[in-house]
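By written order: A, B, C and D. Residues from 1 in each chain.
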Amino acid sequence: MAARIEEWLEAGKCRLVKEPARMAEEKVEFVISLGGDGTLLEAARAMAAPGIPVLGVNLGRLGFLCEIEKEEIFPALTKVLAGEYKLQRRFMLNAAAQTAGRTAQFTVLNDVVFVRDQSCGLVTLQANLSGEPSVSYPADGMIIATPTGSTAYSLSAGGPIVSPEVEAILLTPLAAHSLSARPMILRSDEEIEILMARGEKCRVTFDGQEELYLHPGERVKVQRSPLQGLLIRLGRRSFPAVVREKLMDRWHD
Amino acid sequence: MAARIEEWLEAGKCRLVKEPARMAEEKVEFVISLGGDGTLLEAARAMAAPGIPVLGVNLGRLGFLCEIEKEEIFPALTKVLAGEYKLQRRFMLNAAAQTAGRTAQFTVLNDVVFVRDQSCGLVTLQANLSGEPSVSYPADGMIIATPTGSTAYSLSAGGPIVSPEVEAILLTPLAAHSLSARPMILRSDEEIEILMARGEKCRVTFDGQEELYLHPGERVKVQRSPLQGLLIRLGRRSFPAVVREKLMDRWHD
Amino acid sequence: MAARIEEWLEAGKCRLVKEPARMAEEKVEFVISLGGDGTLLEAARAMAAPGIPVLGVNLGRLGFLCEIEKEEIFPALTKVLAGEYKLQRRFMLNAAAQTAGRTAQFTVLNDVVFVRDQSCGLVTLQANLSGEPSVSYPADGMIIATPTGSTAYSLSAGGPIVSPEVEAILLTPLAAHSLSARPMILRSDEEIEILMARGEKCRVTFDGQEELYLHPGERVKVQRSPLQGLLIRLGRRSFPAVVREKLMDRWHD
Amino acid sequence: MAARIEEWLEAGKCRLVKEPARMAEEKVEFVISLGGDGTLLEAARAMAAPGIPVLGVNLGRLGFLCEIEKEEIFPALTKVLAGEYKLQRRFMLNAAAQTAGRTAQFTVLNDVVFVRDQSCGLVTLQANLSGEPSVSYPADGMIIATPTGSTAYSLSAGGPIVSPEVEAILLTPLAAHSLSARPMILRSDEEIEILMARGEKCRVTFDGQEELYLHPGERVKVQRSPLQGLLIRLGRRSFPAVVREKLMDRWHD
C-alpha cells in the first residue's frame, strides 16, 4: 500500500517525506496514517505541535477515527491535495506526574488511565477539582479521557459516548468498590488532580503508550493541552453516522 | 418563614415584591426561592427572560441546586444585599414540538423527557443530530437533559454526572430494548430532533411541569435557549462539594 | 398459516381443538402457539394447570422463547407427534395483591412489574424477604421476574441474563432514585413482599396483561407457583445458542 | 484478642488447637476466624474437606461474611459451645486449568477471575456452557463467581447481588469491549469452560490467592465442588439485613 501511494504521489509530482522525524522541519502539508485508530492517534499527537493535519486511512477493522478505507485512498488524496477538506480539531490533555521527586510530562489524545498494579490490591484514588476534593473510592482504577477517548477504554468501563466537538473531560471509574461511583463530565478547562490516597502501587498509562507508577501520596495533574490533534475530514464520516454504525445490535431487530 | 423574611427585609428598609407576575416590571434585584430544587427551577426559569438572579433557600431535604439551608437565610441575605455573591449561569433548552399540525414551545432548565404512554407498548425514538439520523431504539423513552438536569431523572436512568459549567447536552436512554444504547453527550449548540418512529403514543414532559403527546411521525426539536437561569452563589456549595456529599455510600466505609 | 396447519393435521388424522377454553377438557396432547413470545407466554400460562405442553411457532421477529420458525412447522409437528421432543419446565410466580380490602391472585411466567402511575411522582417500594425488610428506594418502579422474564423488561432495566433452568427470582430496580440500588437474585422459594411505602399510586402489571393499582401501605406478595409452564423443545435452540445469537454486536467485529 | 480468647477457653476447660494444619486431625468442633472476610474465606475453604464449621469474627471494617464483631466474641462463643447456632452451607467451585500440558486444580468460595496481563492488550474469552459456545468478547477479563462472591469483585464489575442460598453461578464481564456483554446467571451444576480464544496472556486468580497464566487455546473448566464452606450463624446477620445495611446511600435521604 505504502509503495502504491508513493508511486501515485510521484506521478503527481508531489514530494513525499517518509521519516516521521523530518516531517515537521520539511513543513509537509499533511500526513497520511496507514493503520488503525492507534496509528492515527500516534500521528496526530506527534503532528499537533507543528500543526500538521493527518489523514487516517484504515487498514484494520472498522475504527472510530479513521476517515477513509484503503480502497478510497486515491480519490481521497486528490481531494486533499486540492484543499477540499475540513479540519477537525481534537483537544488533547497534558498530564504532569510528580513521582519520586521528579516531574514527567505527557500529552494524550485519548486518555490517562490509572490502574492498580496487578500484583497489588485495590487503590484509593481521589480526584481533586480546582483544588477541592471531589470523589474518592477504592477501585481497580480511574480513566481521564477526552471526547476522542470516550469511545475507547472509557466506553468499556461504562462511560458515555461524547461527541468529539464537546469541550469536556470524562472521569470514568474502573470497577469501583463503591456502589455510588458514576462517570462524570467535567469542564475542559478544569484543573484535575488525581491523588493516590491509599494502596500500594498504581500504574498510569498515557494513550496506552507510555507508563509510570504512582505510590501513596503521589499525584498526577491533568489539564487541557494548548495543542490540538488535527484530523482531515472529507465529509464522509460524521459523528451521528459513526454512532449509528457502532450502536446497532440484534436484540431489537 | 416567609413572614420572618418579610419582617427582616422591612426592618432593613428593603422593598419586597410578593407576586411573581410583578417581579419583572418592578425590576427586583433578586428573587428568593423558598422550597426545594423544584421551586428553584421554576423561579429560575421564570426569571431568565428579565435576567433576575434567584437565591435558592432549601426548606426540604438536601437538594443539588439550592445554595443555602433555611437557618442560614439572614446572614445570606445580608451578603446578597451587599452584592457579595457570584452569579452562576445555567444554560437552558428550547423545545419546539410539532404535533397535530400545531407547534408548541417550551423552555427547560432540567430536561425534556419522552416516555411511552403507560397504556401503550414500547416506542421507537430516533434522534437526528444536525439533520442526520444517529441513534434509534425501542425503549420506554429518552431523556434530553442539561448539565443541571444530569443529577435529576437522567441519573436514575443511568446517565453520567455533568458539571454545571460544561457546555453540553445529555441524551440518556430510558430502559432501552437494545443492549447497545448508551448515554451520549452532545454539543450544547447541537440541533437535536427526536422523532417518534414507531409505537402508539409518547408523552413528552418539560421540566416535569408541562406535557403533550406525540404520535408516530411527530417530532420535537431541542436546542440551546438564548436565555440562562441565573443562580446566586455565595461560595459555599461548589460542584466538587455537592458531588462529594452525594456520592458517599457505606460499602467501602 | 392456521388453515394450512389444520389441513395438514386432518390429512394425518389428527384431531384439532381450536377453542382455547376447551383444550383442557378435551385433553389435547399439546398446544401450538402461533405468534411471538407474548402469545406463547399466554398459552403456556393457560396450559400450566392442565399440564399441557406448548410448541411455540414464531411468526414475528426473532424471539427468545419460541422454538421454531414458521417454515419449520411441518417437520417439527411430525417430530412432536412421534413424541420426539423434550419438555422444558419454566417456573412461574404467584402474586397475591391486597388492595382496598380485597385480595386478587395472579400467575405469571415472566414478571410482576411495579411502576409509578404516570400522573404521579416517584414511589418508594420496600422489598421484604421472609418477612424482613431488605431494600427500599424511591424509583420509577421495580420488577420481580422469573428466569424466563430475565430477557424481557428486566434486561432493559439493567438486570442480568438468567439461564431458564436456574431456580431463582430476580428483583430489578427501575430507574431508582438511589445510587446504590442493584439487581438482586433471590431464592426461588423466597417469600417476597413488595410494600408501597410512599408515593401516590403505583401500577402493578402481571405478565403485561392484567393490572391493578397500589396505594401507600398496600402490598403484593410474590412466591413461586406450584404450577410450571411446559415448553416443547426439539433440541434446536439451547440457552447458550440463544445468548450467542442475541449478544452479538458490531463494536468489536 | 487471640490471647484473651485462649484464656477464656482455658478457663472454660476447652481444648484449643492453634495450628491450622492440625485442626482436622484433632477433630476440632469449630474454627474461629479472626480478621476480615478474606481470613474467613481462607478458613472456610480449608475446613470444607474435614467438614468443620467456622465462626467469623470481624476485626476489620464491616464485612459481608463475618457473623460477629470483636466485642461480641464471648457471648457468641458461649452460644456456639452450647450448640445454639445454625450452619450455613456455601457452595464452592472447582476449577481445573489445562495449561502448558499440565492440569492444576483449585477450589474457590468466592471467584475465579480471568484478567489480561497488564503488559498485554485485551484478551478474547469464550465461555462454553455444557460444551456449547455461548458468549465471547474482547475484554479486560471475566469473573466466574459463587453467590458468596457476588458481593466481592463481581459487584464492582457490575454484577448483581445474589442471595447466598441461591444455587447458581455468576459470569460477569470485566470491562468488555462489547456493548452487549451482560452479567449472566447460570445453573450451579453447569459445566463452564472458559477458553482463551485470542490475546497474549491472561492471568487467572483463584479466590485472589493463587494464580496462573493462560495462553491462546488454553482453557479452565469450572464446576460446582462437592464440598461446601460451613459458616456458623447465630441468627444475627440475615441476607436482607446485610443488603439493607450495605445498600444505604445518601442521595435519597
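Observations, loosely collected:
Definition applied: a contact is a pair of C-beta atoms (placed from the backbone, for glycine too) under 8 Å apart; a residue touches a chain by one contact, two chains touch by 3 or more.
Note that the structure is predicted; figures quoted are calculated from it, not measured.
The pairing of subunit B with subunit C is characterised as same-residue: of all residue numbers used at this interface, over half are used by both copies. If you lay the C-alpha trace of subunit B over that of subunit D, the rotation comes to 180 degrees, to the nearest 5. Most remote chain with respect to subunit C, judged by CA-atom centres, is A. The distance from the centre of subunit B to the centre of subunit D, with each centre set as the mean of the Cα atoms, comes to 45 Å. Subunit B and subunit C have Cα centroids separated by 38 Å. In this assembly, the C-alpha centroid of subunit A lies 32 Å from the C-alpha centroid of subunit B. Residues of subunit D found to touch two or more other chains are 155, 177, 179-180, 182, 246-249, 251. Residue ranges on subunit A touching subunit C, taken from their complex, read 61-62, 179-180, 182, 245-246, 248-251, 253. Across the interface of their complex, subunit C is touched by residues 115, 117-118, 139-140, 153, 155-158, 174-177, 179-180, 203, 246-247, 249, 251 of subunit B. The touching residues of subunit D, counted against subunit C in their complex, run 128-130, 132-138, 147, 150, 155, 159-163, 165-168, 170, 177-187, 190, 238-241, 243-244, 246-249, 251-252.
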